[in-house]
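Just below sit the structures, each encoded as structure tokens.
Heads up, the next two complexes both have chain A, just with different partners, chain B and then chain C.
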Partner chain A sequence: MTTALHNSPTVPALGEGARAAPPAGALAWLSGGLTAALGAVGVALGLSVIFGEPRQLRIGWLLPLVGVRLDLDPLGGLFLVATGAVSIAVGIYAVGYAQRERWARFPLAILPLFVAGMLLVPAAGSITTFLVSWELMAAVSLFLVLSEHRREAVRSAGVFYAIMTQLGFASILLALVVLSAAAGGDAFSTISAHVHDLSSGTKTTVFLLTLMGFGSKAGLLPLHAWLPRAHTEAPSPVSALMSAAMVNMGIYGIIRIDLQLLGPGPNWWGLTLMIIGALSAVFGVLQASVATDLKRLLAYSTTENMGLITLSLGAAILLRSSGAPTVAAIALTAALLHLLSHAAFKTLAFLAAGSVLAATGLRDLDKLGGLARRMPVTTVMFGIAALGASGLPLGAGFVSEWLMLQSLIHSPADGNTTLALAMPLSVGAVALTTGLGIAAMVKAFGVGFLARPRSAAAEAAQEAPASMLTGMTLAAAACAVFAVAPALLGPTLRQVLAVLPTVGGHAAGPQLGTFLRLPGVGGSLSPGLLAAALIIAVLLTLGLSRWGARHRPAAAMAPLWASGADTLSSRMQYTATSFAEPLQRVFDNVLRPDIDVEVTHFAESQYLVEKVTFRSRLADPVEQRLYTPVIRAVNAVAEWVRGAHTGSVHLYLAYGATGLLIVLLVTR
Partner chain B sequence: MTEATYTGALDLAAGAFLLTAVLIVWRRELSAIVRLLAWQGAALAVLPIIEGIYQREPAPIVVGVVVLLLRAVVLPILLARAVGTEDQERRESTPLVNTTASLLITAGLTVLAYAVTQPIIALDRSPTTRALPAVFAVILIAVFVMVSRRRALSQAVGFLMLDNSITATAFLITAGVPLIVELGASLDVLFAVFVLGLLTSHMRVAFGGTDLDQLRELRD
Partner chain C sequence: MAAALQVVAVLAGAPLVMGGMRQVRARLEGRAGGGIGQPYRDLRKLLRKQQITPQGTTVVFALAPAVAAGSTLLIAAIVPLIALGSPLDSAADLFGVVGLLFLGTVALTLAALDTGTAFGGMGSSREITIAALVEPTILLAVFALSIPAHSANLAAIVSAAMQNPGQVFSPGSVLAFVALVIVTLAETGRLPVDNPSTHLEVTMIHPAMVLEYAGPKLAVVEWASGMRLTVLLALLANLFLPWGVAATDPSALGVLLGLAAITVKVAVLASVLAAGEVFIAKLRLFRVPELLAGSFLLALLAVTASSFLATTTQ
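Entry: the complex of A and B
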């Protein structure tokens, strides 16, 4: 089946490519299959832990001194399920994608390793195991980002990613070493038994360092700069894995270390998380709404969603310490549910974007369009993902965002100033984020897929092969579950909440039945009935209009009015840039676009315009303000250090000898 | 072998080991340096052999014979052959530090070695650990030789001295190096010498000499 689709006319140079890499097909099946199988194992293990006994595994000989220690509890199980589910969809998708894009052997071979690393992180039961699997995940993902290393943009993204992920790792390493030294143990269980002995200074140090490390992995402000680069330049299945599964690990780290092990933290921890979350959410969605690169838009949307989750986690801490455990449980449920639904719709979005990229070679929304006719299935898939990302009813993200807002609105009003200030502001941030998110997703879907094609490449697009469609269908099915039947997830989330007592997990959480009921708070909702009502309404309207059409006279055919021009051309449509222009104008101070309008007049008359050139460049303002000075300072120091590198072998040897002597004298 | 003979033989071997190192610092003639290195290898090989005879165990003796073959015979022959191919550069003509200063620095380094090894000796006052400062001084002297010599061959000699002294330290501190570890280390050194020989000839082709300072040109 695949071989037949393989020979699609869009890949004319296939014979040549196949000769260069003969086992690509077999390897693609092997790698994709292995990825999906690992994912399935992850899901099965995760579910068995959530609904059964915690599992433990000790392999003493594998790591020197401490050995490998895997402890699975429902929290780890949840992340195992999320990662595994994403991997299944991506693994199946990758079979077709790798063949169509003629993926090199090396990235194909290490794709399952990446999944394995991501599955090990939430299963780790000790600091050493956690760090090793974290580094496995980070290192393999770096190689995957560099798959197409011949392009300059990919290399630059790789450098950015490598530096930021390793800095994040260093920060986590430092934090966990401090934690392990202070608590006197390597295993998480030992640490949690001794956590009461820790001084608040140690806790604060660990919190701040882990927030930095995990925040950079989750793409939170201001350490998000790698995300729009790496997600954009990596092959799409890898983008999907990174954006839907790997960034979750940042959130997992925050929950596991800061909320579960160190918790309950002081109020300002919650506030810090809320501020960072709100800033990331608003900033991410703003950048997404003005982005014209489809994958860049999705990457910034990841920052937005991770921001929302972090905001919710912070709210849970704050609500818990303000004596509102029930509301805190709602906030926590919202965070976990949003994490899962984000994994579903972001996988789907990146896979659909990859399908577009494979068919047209384009990511620029200003050059796409008209794909609805040419790639109907992909269009529907992206539509489902966009609906989920925009947080509208019947979309995957709706229920969780609704819960999030409910928890923020229903905070206790008993004179707690922090709470009284933080909650309404957060409601504003979430509302703004959701609103702008709709604009961003309408732009991505409307400009990218509807209307007329804006370039020859978009016009020649062909539907993706079956395996890619299968992968997307699986992700779409998951989206549908989140949108219509979140009740299915109720028992799972209840089990996970039970192991998070420090953030209100013991209180009765929201009941995700056919009706979502929030105990202690007067709010309920039934997404399933909502969907049913909508479908009935649509069917009814269709039937009525059919019925009414019989009485109408026959339609008359006439040429389409083209505003006085000869025919409609694709240049008359909205582009992504023009669609986002009003937003860009409103948020001019934040976005600081670099706009260049050049008007050329005819030589004969200055009243007649020959042509107008419009150039708009949107750089990330946080990056420019924060990163440029840092990079400049590092370069200056490097230049200064270079003075010591004269090129003389003797001098280098002397450096070594002096170092040795100093060490000998100091340590004696 | 009585305990007194054992201690005396051990100290003698360690002393010879240190003495050859000092002589290598003193001499400038490359062929003489290589001969001294062979003697140093022999002194090194004697250490496990004495140990083996005293403990009545065959394994250290086997290690000692292997070390003797490699460090006192094979490596010096390889180096001597490399010296033979040199036409004009048979002498370390202009070392970065002159001979008198070199010897003074060597003396200083030896004292330093005695100072820094005191904590290790304090752990276990056996005859073997007592001989440790002498061997440890050779580590420092070897590093000094590498820092102060210009010719690539002298660098190779310095490197081999460093390796000799590390091996000797291992013999003295641990109860005895397992055969397999010693074989691995020896193979390593053999390869290092091959690589150094190769690099030297490449340098001669590229720069017309083996003065390491010419490598400065390679700095971006």
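Entry: the complex of A and C
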């Protein structure tokens, strides 16, 4: 794939002068503080819109012809709150991170701009404003990804990200231009009023194009390839912002344009979303479960979770059109709640991974380990995030995945064959995703943080500074709310659902009290009570195991069993690669690992082995199958076009003149 | 009250189930066996031993047995084993119970990784692979069970089965039962997935994970795995054959009857399981996914069968 990148322009040199001098603490405080402050504004504004009147703002002079138009409604408000909350945690974290990691001045300075771009997207009230803020978000994030552009991997990730995000933008641009031309207006409110006049062909075109554009931003299959690169190579606070806030914008686009403006769509829209969602979820989690790079694992987990959300959105459309608005409302609530809880635990996970990366310089799980004793707070933080990502009780993702499953099993049984087949398969996909997600997170936490260090760098790790820990603590508190008290989010979600009537939003949604109750269908859950009962049960067990303590000799320490060897070396431990080996073998046909085993024998005898070389490489099969041919074709075309570039100035002038003439003729 | 009795019954009865199963196996294999009460004596011995902490392990290793046992006890308090209407019934449905089950599994796998020994890693890697593949089957079986009851809450499922006993023999129910039996075997580490009495480390799954535990902690681990087996067998029995389960707010007699019924059901199931284990060998590790894929297919058929049947009867 790197061959394809030769023709691309070289990456602009960012902050060349700044690198010589490390950024002053002042800039870190300013930038981090501004990011957090913008986040706080986002949260406040979002909440005021959700619980108050919709707000509007027009700035005519800012953009030529149409002006800037901001319309805030509860749906936009929800995304403002999510983005803002992530930004607060990341902003505080960035203060310490920038100083410890000597983050270059330019990317540090534009960090608040990225947050501003992301806050503008859900606030946009017209297509022009939406596209401009979208592009602001995309462009600034590209510069942030390129923070450490001296490394080859970062440049490659940057090119990948730039191409995919701009292709996605082009697709969205085309879709929205078609939509605006057909509906005769630029503002979302105008389009919404005229949407009934649109032909189904126009709607389908817009749906497919936006699905492609927004899907690539959300990291859905098959346009997910930028995610494991950009998230991995970007500085960790940026990874957190991208993975927990920016990818949400893809989901926001799908909800706003496809579900709200164009909805209610036909059944096959729902099915398409469900299939793409299920494939993304299973593929993402499978890649995560065999990944050995900590941040790559988290990036694939983002694809997984966005897939689950998309699956739920699709289910909501399908259920709504099958005459089950209450169940559709459960699916929609599940999608929104999962989006929020994913933002919380993924922020925390990336920030904790960043703290590990800052302390050890390592992302490779095969070289980490033993951090529990060296970085106890970071370990606890990552543990909370991993518990949330694995969807187990007491974790942040449990309630939303529970709602998701409830919406899938309570589909109406009225002879609808589509539902009768789609729902069980979706339950299977969600269940496999959860199962493999547990495996991926046990690997990340167990191999990365527990046991003994597998390298000198991990051995020398030291705990992160206070501001980084504060940022993580905020995200962890949010995780705790999602895990045991989702009731706090009940009123917010009700307000948001009310503006989404096309997907069953007007129906009575699930009641998120101490007990979650689902109206119309039998189902209840009390995460808080469950957590309390579990703690009591564990304490009870601890108490019971004191039985017989009077007879015991004094407690002692003993060395671990070294399988018969003298001492236990860290090389005897399972690594992330070996931990995932059984799964890799089970899913051999999907993952297609590239494994080489070379055995060198002694010259004297064929039966004595001198050394064994083992090399295993896991490439993304979708990338290999789908991207390589496309890149090859683009390269071939580029090669062909190069024939016209002879270097003659006269010829270039002639091209220019011809081009101008053609334009004049066409627009005559 | 009944819920508290359930917890106590599971706590006290789990070693009996283990002892009974070992004794059945021993007799069928022509050995004298250690007697039904042997697990109690083992536990007493272990609980009186010295508390030994392996060097370099963290709090994860120390707390994991308690989490595994505690989550199982909580399941025992939630599910309707003796009587319906546990105070925690509406706090967690069958999905919640499955989640608690996996929480226990994850605690022990993390503890095994925490030791940093070769066998710990090996055991936890295998255990988590099997758990990941078991999850789809369990949730689909839950789905199949929830279709007739229109709810995944355990009390609703069990009382629906009580009101309509013939439904037990419906194709969906039978398929779901077989699927659940397979995953119960996998989750409790029984043959043919794992051999609970193996002494060959290379073939171990669960025993490899807990190799570093000794004394009182090992007692909790053993107790927890016994309770897990007991609770799952009892749940399996009551989901499909809910005869004798006392109603909400039961009388003392109802509770006694319920206790007797569940004791008989678990005894029968455990004996059948133990007798069956005599005749089968452990599967190769990489044949296990095929078994689980088979059970997944059964569960999928169960769901489609029940939903299509539900469709046609309406």
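Here is the rule we use: the second predicted complex is superposed on the first by the 628 of 668 C-alpha atoms of A that agree within 3 Å, B and C clash if a C-alpha of one lies under 4 Å from a C-alpha of the other, contacts with A are read in each partner's own complex, and residues count from 1 in each chain.
Definition applied: a contact is a pair of C-beta atoms (placed from the backbone, for glycine too) under 8 Å apart; a residue touches a chain by one contact, two chains touch by 3 or more.
Note that this is a predicted model, so its numbers are computed, not measured.
Of the two partner chains placed by superposition, only chain C is touched by A:Ile438; chain B is not. In the superposition on chain A, contact of A:Arg552 is made with chain C only, not with chain B. Applying the stated contact rule after C-alpha superposition, one finds that A:Val481 touches neither chain B nor chain C.
Judged by the touch definition given at the top, the superposed model places A:Val159 against neither chain B nor chain C. A count of residues in chain A touched by chain B and by chain C gives the higher number to C. In the superposition on chain A, A:Val377 makes contact with neither chain B nor chain C. Shared-chain residue A:Arg585: touches chain C; no touch with chain B.
Of the two partner chains placed around the shared chain by superposition, chain C is the only one that A:Leu394 touches, whereas chain B remains out of contact. Across the complex, chain C meets chain A through its residues 11, 44, 47-58, 60, 63, 65-67, 69-71, 73-74, 77, 88, 90-93, 95-96, 99-100, 102-103, 106, 109-110, 113-122, 124-126, 128-129, 131-140, 142-143, 146-147, 149-153, 156, 211-212, 215-217, 219-220, 285-286, 289, 296, 300, 303-304, 307-308, 310-311, 314.
On chain B, the positions that touch chain A within their shared complex are 96, 112, 115-116, 118-119, 140, 143-144, 146-148, 150, 155, 212-213, 215-219. On chain A, the positions that touch chain B within their shared complex are 645-650, 653-654, 656-657, 660-661, 664-665, 668.
Residues 289, 369-370, 372-373, 390-394, 398, 402, 405-406, 408-410, 413-415, 420-421, 423-425, 427-428, 430-432, 434-436, 438-439, 442-443, 445-447, 450-452, 515, 521-526, 529-530, 533-534, 537-542, 544-545, 547-549, 551-563, 568, 570, 572-574, 578-583, 585-586 of chain A are the ones touching chain C in the complex.
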